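Below are two complexes that have chain A in common, paired first with chain B and then with chain C.
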Partner chain A sequence: MHMQLEIKGLTNIYKTGEGIRNIHLQVKKGELLTLLGPSGCGKTTILRSVGGFVTPQEGQIIIDNEDISKYSPEKRPTAMVFQSYNLWPHMDIYNNLAFSMKLKKMKKEAINERVQWALKLVHLDGMEKKFPSELSGGQQQRIALARALLLDPQVLLLDEPFSALDAKLRHELREQLREIQAIQKLTMIFVTHDQEEALAISDRIAVMNKGKIEQLDAPKEIYNSPKTYFVANFIGKMNFIELQAQDGIVQLGNSSFEVADVGNSKVQTAIRLEDIEITDVDPDVNGIIKKIMMLGHYAEVTIQTEFGLLKTFIEKRKLETLSVEQHVGVCIKAARFYGNNELKSNIKRSSTHVKEFEAAY
Partner chain B sequence: MIAKKQKLLGIAMVLPSFLSLIILVVWPVFISIKQSFQNEENQFTWDNYKYVLTDPMMVNNFKYTMLVTLISCVLVLIISYALAAYLRFSNSWFSKVISRLYFIPMFIPGIIAIYGFINMYRDNGWIARFIGSENMPSFVYDIKGLVLMNLWFNIPFTTMLLLSALSAIPGSVIESARDVGAKKLTIFFKFILPLSYNTLLVALTFAFMGIVGSFTAPYLIDKNAPQMLGVSMQQHFSVYHELGQSSSIAVILFLMCAVVGFIYIKNMMKNESHS
Partner chain C sequence: MWYFKALPRGKIIEFFIVAVFCLFFFGPLLNLVLLAFSGEWRYPSKLPSSWSLDWWKYVFGNDQIVHSILLSFSIATIVTIVSIIICIPAAYAFARLQFPLRRVFLFSFLLTNAFPKMGLYVAVGVMFYKFGLMNTFVGVVLIHVINTLMYMTWIPSAAFKNVQKSQEEAARDSGASPLRVFWHITLPIAAPGIIVASIFTFLSSLDEAQGTLLVGIPDFQTMPVIMYSIIADYPANAGAVFSIILTLPTIVLLLAARKFLGSDAIAGGFQMK
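Moving on to the complex of A and B:
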């Protein structure tokens, strides 16, 4: 597969000690790669290094087999959409869009045509004469996107472009971006701290923490098998229970798990909300319902158990049989174990099996 | 009832400043304008204006005032803009030091600064002692000295204004301009300058008003002829006791400022319509 963008050994550490260390990334042509992480994790530093606004201490950035590390931003085949204040307030929309083409001394008719094309692409035809201050936040970001697209970038860089917008608009723009990407076959790097946004739009996600990539995978993989405790904690909702392993065995209510190389250390047990079920048949642990929170077509139910509070999702129609302070049984259908931030493989054993196991030693 | 009470309270709160405006500003201005059209017998006359606008000495004073004001304004704006741009876009320790020091002249009383300046730059002053008075260009009793003094008085405030305007330009505006391929000069002329143009105009207005009507500096530093209008006005008033003539100089000075003020306001309104 042809790589549109390759980042090799990118390192840039700030005086504060924050920054990025030895980052390697490859982005395929037409792929949308998201850099996801909390603030200060280095995701924006990577993006700005690719755009040329940060000069990294070490590393190479290769676009279409050419090392562009030495070029200044104006010479790079990249275009960037910033978080906010994107548009030039003293120019009308037409000039905002046409500026780059005027710099290239393109013919007026050609510029007109391209501007019209771009406006149509972001569904804002007829806005040429307006000034940025007359547009809503969402419209401004769409114009900013159009302006970046008019550069015909080989890689489009988006630095939390929707974070200043309200939730509904964010969803709309997200869909529109995906649409445009499909039409234009764009290669994109998208930076966000919003895990939901990342899961929704990405082909692949690089989850970052403290200047390192913790996991680089498709959204489904990231959600289903987070490779580190950090990723498990950051992506989606999780129940966490700290348990003491004994000779590699972790006991979770009536279930027990054989967890690879943990010995007698403490492990973090992570359980997705949808992997917890309220049941009367053979429960792993018993508890009392403490809270029921409606979230639309489903509800989040909080249950007090011997492991602390466990949360689970319940479909709306199953809710009728449940009420607060009710005693219920809880069945844990899947769990992951993390020791020292790393995922440990495990095998679930039945209770009887565990007893036999103990008897043998 | 309550609405009426609030209305009265509002008027009562405005009244002190309104009255002081009437008594201290509007009334004296009115008297001056009246005086400028009166001769010694308090009869209506155009003579004062005829004298002020045609007398060769006065015409020279006008030209000289405009010359000093224009040179000073242009230099103040260029130097302050360069300084503000440096402070905004440089992250070096030197720029940090300068950013703490540049407004110090604002805290030095004008008269002290002028005496300090005279001691430093006069033909037998401190600098002359070091380099020899025969090598010393004359600053005091010369337009050069006056312009330098105007720079001292105006650069700090102008820089402060321009720096706040330049700081208000978000980094992403400049970065996105670079991103689409603009080089440094293009960025300056197409982005930074237009986005700080309004403040530049404000700064120009302030500098112009301050310099055109200045008195202390030209009175103490400049030569006797031609004079700045402020000095000339004081002389007509307290040396020649020509109340009518000094009033007409004041009116003309006011009109000059009004023209600049009008240009400023017109520009502000034009810009308000798209931002």
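Moving on to the complex of A and C:
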């Protein structure tokens, strides 16, 4: 398989001890890879190393079979969209877009044509006479994207490009970015700390923590089987219960789970909110409803149990039968067990158990 | 009177306060203008009894004075250019580079303004004697530049700081070498601050009298220096004419540059960061 971008053994450690350690990554042509992680996890360092704005202490960056590690940013076949302050305020939109082509001494007609093409692509035709300060934040980021696309990059680098925008706009731009990527068959690295954004737009996600990649997988895999405790904690909402295993058996209320390779150690049990159901028949755990929070077409219900607070999602139509301080039973449909930050078992309960519950409702 | 009737009561008090302020502020200027264009004006009459341009003719007919005007403007121009050449790189360094004692250096530019001017000039004068710079054009320019270092470093430095790193990096990304980035991106974005600082420099050089008096006498008498002798030797009318000539460039330049003269551009220049 031909790789558009290869990162080999990239290491760059700052004086503070933060940084990246021995990073290996491969990005296919036309793929959108997201680097996801909390601030300080090194995701931006990787991105900036590829762009040439950080000189890593060790490692190679190979784009299209060419080692570009030693090139300065202006010589690299990459283009970057920054979080903010992308545009040059003293130039109008036309000149912002045309800057790179003017440096290349392209013909005026050709520049015009390319600028029009780029503006159309980001749905901002007719804006060329305006100045950046006359544009909204979202429009500015779209112009920045257009300018990056005009560089014909082999790899497009996006450094949290939508994080300064409000939620609605962020959603719109996400979709637009995906559309443009599909049309242009772009290879992209996208950096974000927003797990929802990462799940929504990526082909693959690299979840990072403390300068290392914890898991590199498709969004679905990352969500369904987080390989480490950190990833489970970072991606999506989770209930965590710390339990003591006995001879490989973890007891949770009325149910016991057979967990591989834990012996008699402590185990972190992670349960997705949607994997907890409220039931009267044969519950695993009993509790009292403490809080009901409406979140649109579903609600988040918090239940006090002997294992602490458990949260679950409930469909709106089922809400009417529930009220605060009501005693309820809880059934756990699936759980993941982590020992020593590693996934030990990912257990799905038999469908009969769930069917029984569905029927009883 | 209709105007006052239309005003709410609270506003009438405001109106008078503003009126008193205007009188206080513009009164002396008005007096100056009247004086400059009056022929005969004796106490206690409120207005001159005759108007004339005699004092203007005198000022522009006097070779020494005309020469001083030309000298002042050429010195101010050269001082501004020299100051830009010396200070802009320094300002950029203060804004972008981290080096030891950076803040101490930045602060030291304030010191020339902290001492009593005459004391500083006497000390400088002793050095100038040794180097043979007394009564030379270069000497006068140098003494003016000393005064302008602070404006020319602090304000552009703040302007350079306002140029975001990502704006420079985006230009690198677009294929521009570091030098081109500075020329096409950094300098134009910082230009308003640099223009403001240049205007301050030009005006302060035009206004400088003490240092010039000490270093430039007798051959380099600029406008403010000549003004001392005119005020001492001639009627007030000549002084008034001269003040107007001296004030005019200030007003013209400030009007021309008011686009750039935001309070933030000036205030931004005086932050220690």
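Quick note on the criterion: the second predicted complex is superposed on the first by the 345 of 361 C-alpha atoms of A that agree within 3 Å, B and C clash if a C-alpha of one lies under 4 Å from a C-alpha of the other, contacts with A are read in each partner's own complex, and residues count from 1 in each chain.
Note that in this section a residue touches a chain if its C-beta (ideal position, glycine included) is under 8 Å from a C-beta of that chain, and two chains touch if they have at least 3 such contacts.
Since the model is a prediction, treat every value here as computed from it, not as a measurement.
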Fit or clash between chain C and chain B when superposed on chain A: clash
First (chain B), second (chain C), both or neither touched by A:Gln326: neither
Contacts of A:Gln26 with chain B and chain C, given as first, second, both or neither: neither
Touching partner for A:Trp88 - first (chain B), second (chain C), both, neither: both
Which of chain B and chain C A:Ala79 touches, first, second, both or neither: both
Which superposed partner A:Leu103 touches (first chain B, second chain C, both, neither): both
Contacts of A:Asn112 with chain B and chain C, given as first, second, both or neither: neither
Touching partner for A:Phe131 - first (chain B), second (chain C), both, neither: first
Residues of chain A contacting chain B in one complex and chain C in the other: 51-53, 72-74, 78-80, 82-86, 88-90, 99-100, 103-104, 144, 147-148, 151
Of chain C, residues touching chain A in the complex: 164, 166-167, 169-177, 180, 184-185, 188-189, 191
Residues of chain A defined as touching chain B within the complex: 51-53, 72-75, 78-80, 82-86, 88-90, 92, 99-100, 103-104, 131, 133-134, 144, 147-148, 151
Touching residues on chain B, where the partner in the complex is chain A: 170, 172-173, 175-183, 186, 190-191, 194-195, 274-275
Complex contact set, residues of chain A against chain C: 51-53, 72-74, 78-80, 82-90, 99-100, 103-104, 144, 147-148, 151
